[in-house]
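So that you can tell them apart, the chains are marked A, B, C and D in the order they are listed, and the count of residues begins at 1 in each.
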């Protein structure tokens, strides 16, 4: 009954096996190995597009470095108010971006609207040197509230951003979950919708530490080798990340894992809907479930062994926020979550 | 009828004379001259407190450098949503602060409340490494909407900030105007109310380029000589700024100038109140007047020679925002504004 | 016959096993797991001292972040001219240190002398704001030329640095090799000799990606949690690094591996000495061997399957530099090098 | 007898008069005034080339900002070991350049040679991500030792730099002196010789605080407005710098002042040559004279009222360095130095 986060899960057997095999072999340092080259080619296939791929060890590094490729003096990065880059990365983007500013925008259900984005851009008059300049829009897919942007939504937001010469970055820490939930191709919600650079996450979906910065226009990545190296993200045993992705992609392992996590999320949401004891704060798209429940119920769930994080009430739409004696909690399923975990939670909820 | 900004005014005669005299004399470089030492001592008298004073050439530099003295990794600077450091300095604070994050907070009439500040701080859980940490609260005095914080308001906000180990910075680009408007001593609205570091501005009130970073605890300034020098703000002919402040402080010239500007502001506000053609969006405290008027009236004023800046409607409280065919404008008086300027505007408004 | 680098080796079986086991288990994110706590305690035992330990994924990150804890405005980091931080990390220390300057100092055999350090410090007059200020001395142990500083040498250099308020950092990418070569305790060449912060490397000695920043005064590390997180080095599955170190330290595995690598280095050096075809450019202390040989010999070795890197002639003392038709090469042994590898090289050299 | 520095001089009467006049007038802020536009046009005339000109308040800012326009990740700026940017600006270039590295190169007489530059570049293998990449060569004209690069020397160095995609920056804090000394046109030693961006200094030659960043390809300056503003160098009363340059350029005032300073330098050098008590350490090209004299002579000169700075012996060629009881001193003349000042020094030297 551990729903704390999908990054509490271990690694899947295929990933462990691939890693162990690569570790027994060793090989040329800093990405000069064959496995790295093979994985880079695999990314191009998956995205049906020429890409420049750089493996890194953390999602924070992927986000901050990916965005930094678009840094300009006075640069402003627009994102959702609760975006990971804005409130959970301790300022990585300003650091790697040489002083970039983050501008958080409100949006219900974790999603930005073109209206809100346009308003935020309007507050940065074009060419007005005092205000700085928009350099990137960062979208989180899945969002921090477990919802997903459709290809059309991404495209509409990207269009608004690009009118102002801002690049489009996608924080795909849970990209597999989004692809699985939306039933679209990876290309559809990235470059075909206007995304320039993607943080492609494997860590939350069965890898150990495997993230990739994927540029859809290799020209944008011309300086990125230097940028990654000076960020301490150019690992000597780079094959260690490549091996994880190799297993991750083989036989659609990545999508199978994500689909499983999403099914467990749906099962959990159904249990909550039917419980009569709690309600959903947001309609979940994938593996993150936000529920409102009476505080005593929450405590009894904990006592029964459920692990979860309380969440800030501000995150969810006003209409669904917890009342005076209620709390908002986040429950995350993963590739490791079993139906029994979910059913156990459901039973504990029923009993609470 | 030029009300564009108080930084469009020239320099006052005493300032020009002092500058010319110092320029004829020259002297030791980088603040080794007697005038600099005298002016530093004068700051201590004016603030009735030991101070460490560093002269710089611009308000942006004063703000960003002053705040940077409190930078820590993951540091967040809290300020009003429309604070100059947040929207008008092109990211100087993130640059000089090595990646500091700015977090703008909404507040009616340009002023933060303790409630809003507490809420913003609550979103940065103490010791939560992902969120970063509050390192400074920056208050603008006069605010961007021409209002002023009372000593009690500053003290209350400072107390909230300091509970979270955040330093208190005051952007005093219009500090003289605030002192004159509030009728308080400089000490009352700074260190006695909990301010750690002040950007003390002379440029908008009759100087040419004269700003000072004033630390009320010299211990905080131990690294500041290096910080100022590497920022390109340690001028070789530092006496050039000292000479301006020397004249500025002599015989209360600074307060006389500010009082004049404030009187002109009040005269302008009265004219608007009585015009029947326009209304005040905010009750002005000093030399900045925000008025709402029908768009055609605004155009006729311009045609009659009035110079002013249109302003973002979002800046003013919802209740006083311009309607569909109205516009919000900012009018700024200065030490150079004459009663005739104001009366000319009043007449043009009456005729519009 | 692969002597390219010790970072081309794979990972040892105990490390792979520990990693696989931890990966099957998973656990609390961001270092909240038991393994991380156990490993932190183990560091304290090994160093016989209270320590603050932070696991990171790369040596570059360990170096740049560790040093950044001592950053001050105008800060200068003194190091050997060929130190990894100076010429092989693409500016990581300036980036993480918010603009720190690197000042490379010449020193024969990869080692700094107190005389050269004193001279370099003398060029930064104390308190002279234009020059900046020394904030750290960084020593590499083993050095870039495969030599080792004795405890007395470290202590003497540290004393010179501390007279100028500079912290002492040790780049211990090959720390195990140094401990093994010198036959001293880890404490002897670190805190007992004046080292404040150590980059403790496991990657080159049988781990996959396991580095630690070790502060010997936890007070110095008060801000480091934030610093690591914003650098993208606070990994969610931090247990992945902890598991490697757990195996690394168990039953002196780390020292056994280093001793083996050093023995192979000595065997290689002996083969070169006796070959009559090549000579040693520097007397090796551990697992790095720098040899000078005629260019045709180098080519025949390559043809015979030897893998090595040519090295810059400037690195070695003038007296031992390659002549007109000679080349300098670096040969690195590792825990994975077999006596047969070395003997194969010796035979190829004899035949060349 | 004050030869401390040319930045100890005051401002010339034409500069003071122009400044006073502009200060009485005031005008649009942030460079929107007519004077700024006129001065920008004047720069284009003087350099016989389209230019993008940005006025700033200090030479350190001009250098660091100008160079920052060419910053790339892992960027290395090559310069003379004693260049102002390397040892006298407290790390401004690393700060404004987002972590740029400075690489000081030895060169006799304050001048770099193409051989030394080529060697330094060879140590940064092309495309080798660990080493970083050269982004700029910075030449000081006049050099820190008062010598001058000929147009051919600049061109030769620029060619070497550009083969490696490094931009060429010229620190022209004493540019007027160089133009006067070399008898060349401003164009000849800048863009015609391959210079991309020039820090054009007025402060040391009769202005108060007037420096300009001059880009010879306006495309390079596309982001510079933002960069200057966030550096706190976009002054609201920008006309204050423009007014100084307006007077500076009128009727060749700048060149007249520089020629005078150079004549005084030559007179001083002649006096030293003929004194029998001291010798020149470097043949002066303009207004900086480096002399070696017995320590007691130096003390007696001081007692007689001479003001000068002792200088580091390392700066001058080995052959002319001070012996055991000798000292190296720097004497700087300026537009304000009178023949009587020089003759007084000569007399004091004779008497010493």
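To be clear about the criterion, a residue touches a chain if its C-beta (ideal position, glycine included) is under 8 Å from a C-beta of that chain, and two chains touch if they have at least 3 such contacts.
Only a predicted model underlies this, so the values are computations on that prediction, with no experimental measurement involved.
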A-C or B-C, whichever has more C-beta pairs in contact: A-C
Interface copy of B-D among A-B, C-D or A-C, judged by whether over half of the contact pairs recur: A-C
Mean-CA-position distance for subunit D and subunit C (Å): 41
Chain centre separation in whole Å, for subunit C relative to subunit B (CA means): 50
Averaged-CA centre spacing for the pair subunit C and subunit A, given as whole angstrom: 35
Numbers and ranges of subunit B residues touching at least 2 other chains: 73-74, 89-91, 95, 98-99, 129-130, 132, 226, 229-230, 234
Interfacial residue positions of subunit C with respect to subunit D in the complex: 73-76, 87-91, 94-95, 98-102, 123, 129-132, 312, 314
Residues of subunit D touching subunit A in the complex: 30, 68, 71-74, 98-99, 129-130, 132-133, 223-230, 234
Subunit D residues within the subunit B interface of the complex: 4-5, 7-11, 15-16, 19-20, 22-29, 56-62, 64-65, 89-92, 95-96, 203-204, 208-209, 226, 229-237, 240, 336
